[in-house]
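The two complexes that follow have chain A in common; it is paired with chain B in the first and with chain C in the second.
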Partner chain A sequence: MGNARLLLPESMAPGDVVKARLLVEHPMHTGYLQDLQGRLVARNVILLLTCDYGGREVFRVEPSSGIAGNPLFEFFFRVQNPGELRVRWVDDRGLAGELLHPVTVQVPAGPSAGA
Partner chain B sequence: MTPAASLTRLLKLVPARRHWLQSMAQGVLALAVLRAWPARAQGMVSGQLLSLPQMLEPLLQGRVAKPQGLRLELPVLVDNGSLVPVRVQVDSPMTEQDHITHIYLLSQRNPVTQMAVFHLGPWSGRAEVSARLRLAGSQLVVALARRSDGSFCYQSADALVTESACVDGS
Partner chain C sequence: MMHKWLRWCGVMMCWMCFAAPAIAQTRQLPQAQLKSGLAFAGADVRALQADEFGNPAQLWLARGAQRWREPQGAGGQSCQSCHGDAQQSMRGAATRYPSVDVKTGQLLNLEDRILQCRSQQQKGPELLRESDDLLALSLHVSRASHGMPLRVDISGPAQPHWQQGQRQFFERQGQLNLSCAQCHDQNHGRRLYTDALSQGQPNGYPVYRLEWQGVGSLERRLRSCFVGVRAEPLAWGALESRQLSLYLMWRGEGLPLEVPAVRK
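On to the complex of A and B.
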């Protein structure tokens, strides 16, 4: 189980298309390299990573050994209502990771909002 | 020594030099074969470069991809193949009717050709993704995008990698 960090813009309004930067801590062993004793390190890469927001999957990536260790992904999605971005991933060993990140959406301050 | 005697000695030297050159060439050839042997024994295909049709065909399956409508940003000179930033932007309105469904990142030399698949949709708002790749040596990197109407577009970029992500010499 690894850690992950997610970066969203400071302020978001409903309907905005925002950029998410996601960094997952994972060695992403390719299965081709050897350790110091000369034994092959078994492949262990993230097989699937999904991001859910507002009851829908907004991003899905299937990486392989061709993605660098501690993978960084940048993607865009449209925000509507305040909620949570739920990142989940699973690797070759079957270990799953999860990250919950709040999505704070500012409702535009209009005359009706102050009432 | 008479001039005639030295000439005959010189003429005798010529076949010796020829033999020496022949044996040297054989030695170099044998060394090259021996050096290539371990790579074959490992069953790795990273030493060989795939052609563009070879890379695209498993995904296209007979369909045609257009080499336009997509931008692939990749450093021209890569110091470290273990960490190569890449950005893919596809021209698409990303509406319900017309959007990008998949973005594939393909490698010409890596043992695993398909480095990553991104799934997008109208909820993405923008058809743009970034990632960091591993590259096993200098090669062509291809980004292939599939539109919601089933058509494909691609863009390729050359990367000159000074240090490979795989230390097997490929």
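On to the complex of A and C.
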């Protein structure tokens, strides 16, 4: 558990609104299904997932039990400075996961500063 | 002299009786008509499988690549120490299982083979059957055969297993009193309630099933089939399950392996 993948566009310029895709490994047990031995599996879903960038929260979701296992989230945010996306989530068992993903921003090749 | 000749005749007759039907293995499903389960899946499932990032089996693939490199046991050997890069050394391996192990004479599926290697060669802590780590390794190995045609060996010591598998495939089972063949040979493409009946091809395993919310083996899928016709599921590790898998792999011979596959 605690495994996740994040995908950003290959090149981003300051001010761009970009799409982030986030795949989180989590069983999202609803509490109504049985395991391979026929025992009821206790509910265990992600309660809260947040994503911070540059000191601000850019995405927040409370998935609850209506969301499938290993959920895939897509959201948009505006990139400014190089930095990192910090994804954090916590589930019913109190287990927390974290993913840090670098945000590389291309400086536009405009007129040089000396001009 | 006469006696010897008679005995030779007898041997030949026996050989013809037993070997001839095996050579004339008739395919109920002609190879030109084989269709992967993907062909029976809905557009959303097909899109999820094609999505290289969003395909949830990617999480297991990443885990498998990690486990492949991890040293285990007292010897501190990883899978990679012996086998190198799986994408090179394991090319085509997954298309040949189940196969008969030369040393023990047992019919092993790919997961059995990984478990055997783990306990006898690597001497690492035992992996649990159907555990995420084992399935991840199996998926990692299968990935090396992506797009390669299924091609199991059913000659020699594998032949009786193939015959048993075939017998199971055509045997009516369970409270619904159905054989595998009645649905998957004779009625594929038609609907069972809201479900399209597939051909029951084994070319996408281990598979990510939305119903399971995770990755599972062909053995687990077969158990589900038994439950589906309300028959008693085969025990985990049962020889019959491997024999049936062998028959299914032969039946799907030529279909390209799809890894990582997603099914409903």
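Here, the second predicted complex is superposed on the first by the 111 of 115 C-alpha atoms of A that agree within 3 Å, B and C clash if a C-alpha of one lies under 4 Å from a C-alpha of the other, contacts with A are read in each partner's own complex, and residues count from 1 in each chain.
Here, a contact is a pair of C-beta atoms (placed from the backbone, for glycine too) under 8 Å apart; a residue touches a chain by one contact, two chains touch by 3 or more.
What you are looking at is a predicted structure, and each value in this text was computed from that prediction instead of being measured.
Of the two partner chains placed around the shared chain by superposition, neither chain B nor chain C is touched by A:G97. Shared-chain residue A:R5: touches chain C; no touch with chain B.
Between chain B and chain C, more residues of chain A are touched by B.
Contacts of A:L36 after superposition: chain C is touched, whereas chain B is not reached. In the superposed pair of complexes, A:G66 makes contact with chain B only, with no contact to chain C. After overlaying the two complexes on the shared chain, residue contacts for A:F75 are found with chain B alone; chain C is out of touch. Using the contact criterion defined above for the overlaid structures, shared-chain residue A:R56 touches chain B, although it does not reach chain C.
Common to the chain B and chain C contact sets on chain A are residues 28, 68-69, 72. Taken together, the chain A residues at the contact with chain C in this complex read 3, 5, 7, 21, 23, 25, 27-28, 36, 68-70, 72.
Only residues 53-54, 56, 58-59, 62-63, 130, 210, 213-214, 220 of chain C touch chain A when the two sit together in their complex.
Against chain B, the residues of chain A that register as touching in their complex are 17, 28, 30, 32-33, 56-69, 71-78.
Residues 44, 82-84, 87, 105, 107, 110-112, 114-121, 123-126, 128-135, 165-168 of chain B are the ones touching chain A in the complex.
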